[in-house]
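One chain, subunit A, appears in both complexes that follow, with subunit B as partner in the first and subunit C in the second.
On to the complex of A and B.
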């Protein structure tokens, strides 16, 4: 089922929760609503679910406008952050609850479908337990089964992994992604964790202060962020930024600031370049080289070994740049090093608006 | 602080007994009075705390031979009175709980006009002494034709119980996570079904506790039946006890204690059975 949001706006009194949101979700697509807390992502989800009434704008499921319908009339299944399992019911009763409310489903059919849904998420051995007797991961699976048992057109997930420990989170990440493709259901999930969004979603809608910042595939978001906020939010450790003066040289552009001089492979296209820009480069696109080599030089500020790699902070003049170094790299604090920039991985942003320049 | 920290485990048994001793001494007079109530119902006379004469069930003969008790001769028989009291307490508590749970839900979950003002009003009513309303209620009951009828007193007692009940139930509903309700709505339930299938089961501890409390309150209620059912045919046990106490010049303490014990026995039994539930009304909350 295709989902379309048109000019969707939600105000809480004078506070704008979501502002003029336009979003198209293809049938069978898995879309993440990503953003820092208070960005309006959960509000958006609750409007799609029918819990919140939009202040203005429209929501379409397929060709049908549904924003005036009650939650129960929308054909959605939802998994809540807290899972919201009914504590007084067994697992089987929890999963069966959505069917219990449908006259057309007989008791036998309900039992059969509860067992099917439970088997799909591997909780069929737990049907007689109560939610309090389940682990967090099991509760999560039961919540998924309950959301899927009535065969909804759209699956909504609100921070589905945030209540799990790191290990389980990794496991469920893959599990939910596989399940979504297996069932072939259109799904929207809300998360504040960019790693979750990048790993699970087909497309990511990044929001800030109720406004959509970017809507693209994880690869595009990472490789070509449309503005500085997106560049900052996507990727760990976050991208390095510094202000630089732009000057033409030999037909191309040079970005220059204290301790750094970079030749830009392709300057901002179109009209003439602005005099200054915010330059961004990801830690993985910087390499530590011998002092005197590379485009910048500085001193090692701190080294954080992570096993597979190390994060090295290098003090360059006034600023500190974060670099990913191979595990074999050894350096003392204060040691002088050079930095090499991968030239094709530079991002330029307008210092005032944050919009992408090139 | 230092003394607490330095005391070795196990060595400090005596100091920890002190509060118990103090509290026990403070409670002793009350406990003694209850003991007196108990044993003086089995002796014809008690002087001070010393029983006079042999052990007897004479004081309890109102149960099997009420006509031989002079104080009870002009009064309705004790069994119908007990049933009356039971009906009074049960109906007020059940109706009170039903209305409280609905109003408590509305106050907890719905954002309607005048909600804050009504909540304030509920609190105000709760702290309103019922004595001040007696005259007004008398007029109301007369107008409704419910004066001197059990139904009328039930109505008044329920009304007086509501502010407390609504406030307690609102607290219990407040503790149920919103997610559960949203989930039920998404799962396909309407408001009413959500209330019945999801919310009510989750506030069951509150419902049980409130039922018990309102029952006890109804059972113990004296003023309202005394004032609004003067003719006696539908009196309750509390007015009977008061009647024995106030009849004539000579008070039969043996009889009084026996009837008194008979009167408080159900309440004691209820407290023994329901104390776990009652504890929760102050702890509040839902166990997930």
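On to the complex of A and C.
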């Protein structure tokens, strides 16, 4: 089912939780609400769920406006960060609870659907356990089964993976993504972890301070961030930034700062280029070359081997640039190196507004 | 380490080793153990021991004798014991029900309204508990005073009820209300914090699952505060069996002969405020001993009913 948020706003007293949020989610799409804590992503989800009442704005499921409806009238299933399993009920009772509250579902049908939902997330062997007798991963699966058992139109997940350990998180990441496609349900999930958002979602809505910053596919978000915040938030290790003066040369632009001189392949479009800009480049788009070569030179500050690659911090004048180097790279701390910038991978941002220049 | 060494030691030295191992623990637990022994266990033991003597004002502390179970025989030969037991059971049952039901009701209501209003509401319900017992009891005696006085008479007048001297005409009503309102605040405090401790997500999940307010209370809230409710029930049962001060200060067991006399008031009257002036300590002690057994028995039954063992059972956790 298609979901549309129009001018959705939530204020807590004077504090603005979410400001004028417009978002369209296509039917069957898996969308991540991403952002640092306090950005309004969970508030947004709770408004979609009907637990918070929007201060203003509208929510549509399909063509139906639903922001005045109770949670139970919205046709949603929800998985909470804490899983919110009822501790006094068995797994079967937990999963069956939403159906039990519906008079129209007979006991036999309920039992059948509980078994179906449990089998879907592979907890059918645990039906007589209580939540306290389950591991975190099993609780997560039960919570998913409970959300899906009533066959909702929309699945909402609030930080579904944050309570799991790293290995299990990876496993459930794939599991939830597969499940969402398998069931074909429109799903919205909230996360503060950009890796989770990028790996799981079809599209990511990145929020900050209650305002939507970007709404795009993971690839677009990564490759062409619309502003400096998006560029900073997406990607590990984060993008390198430095301020540079822009000057024309031979009909093109050159970004210049202490120790670095970059020819910009395609300068900011429009009549006049600003005199300064914030230049951003991702660590994987920098390469370490012999001293004297490349566009910058500096000395190795620290090397962090990661197995598949190494993160090398290079001190260039006053600033430190992070570079991803191949595993074979060997360098001593303090060694002089050159840095080569991948020219097509430079991002320019307005130093004042943070908006993308090119 | 000390423990494993002790096994290898010759027998006569094992005692010393045991002391070395456990001396610190005993030292730390000592003060608390002394308090428990002196103030909790000793009075019970003394009461039971005393109940087999004839200690009274007339014997003094030097001339008392062991008289076996004579006090108990006397008690159950008394033509009043059955009435008083009945009074006690009715008193405890009704006040207990009032305490728990009203306490739970106030807790639930005050948590379902605007938080500030709920706080004020709860503070009002605490007033009986924070006012001195004598003042609180006096206020009730005045409120229930004989016509034309008494606030109760003014309150019921619009409903067409005749003004009356409540303490004489409806002594049980007053006894139950005065104890009920004080006790309700206890249940309210315990259950409010217990309900507040339930994670908000559980209520949200229940709402998404389709439960209405009543279903949430019945299916989520109540099962999750089962243990605090049990605690309030058992604790209030014990304190109600032993309570006597409000009855003493209002009806003093009357009207008439043993109209609202409960077991503890009976024990108090016998041992400490005897009409005849001969304070029958030992006989009163025998009455108290019965009270202790009664309270203990009923608490055990309550724990069974709530399946205490299951509540504190170890969870079986399996890591996948």
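Worth a mention:
Everything below uses one rule, namely that the second predicted complex is superposed on the first by the 358 of 358 C-alpha atoms of A that agree within 3 Å, B and C clash if a C-alpha of one lies under 4 Å from a C-alpha of the other, contacts with A are read in each partner's own complex, and residues count from 1 in each chain.
Criterion: contacts are C-beta pairs under 8 Å (C-beta built on N, C-alpha and C of every residue); 3 or more make two chains touch, one makes a residue touch a chain.
It should be emphasised that the depicted structure is a prediction, and the values quoted were computed from it without experimental measurement.
In the three-chain model built by superposing on subunit A, subunit B clashes with subunit C. Of the two partner chains placed by the overlay, subunit B and subunit C both lie in contact with A:98.
In the overlay built on the shared chain, the residue A:88 is in contact with subunit B and with subunit C.
By the touch criterion defined above, A:134 lies against subunit C but remains apart from subunit B after alignment on the C-alpha atoms of chain A. Once chain A of one complex is fitted onto chain A of the other, the partner contacts of A:112 are absent, as it touches neither subunit B nor subunit C. Of the two partner chains, neither subunit B nor subunit C is touched by A:249. Of the two partner chains, neither subunit B nor subunit C is touched by A:26.
After overlaying the two complexes on the shared chain, residue contacts for A:72 are found with subunit B and with subunit C alike. In the superposition on chain A, A:51 makes contact with both subunit B and subunit C.
The contact surfaces that subunit B and subunit C form on subunit A in the two complexes overlap at residues 46, 49-51, 70-72, 76-78, 80-82, 84, 86-88, 97-98, 101-102, 132, 146, 150. On the side of subunit C, the complex with subunit A involves touching residues 199, 201-202, 204-211, 215, 219-220, 223-224, 226, 315-320. Contact residues of subunit B toward subunit A in the complex are 177, 179-180, 182-190, 193, 197-198, 201-202, 204, 286-288. Subunit A contributes residues 46, 49-51, 70-72, 76-78, 80-82, 84, 86-88, 97-98, 101-102, 131-132, 146, 150, 156 to its touches with subunit B in the complex.
Contact residues of subunit A toward subunit C in the complex are 46, 49-51, 70-72, 76-78, 80-82, 84, 86-88, 97-98, 101-102, 129-130, 132-135, 137-138, 146, 150.
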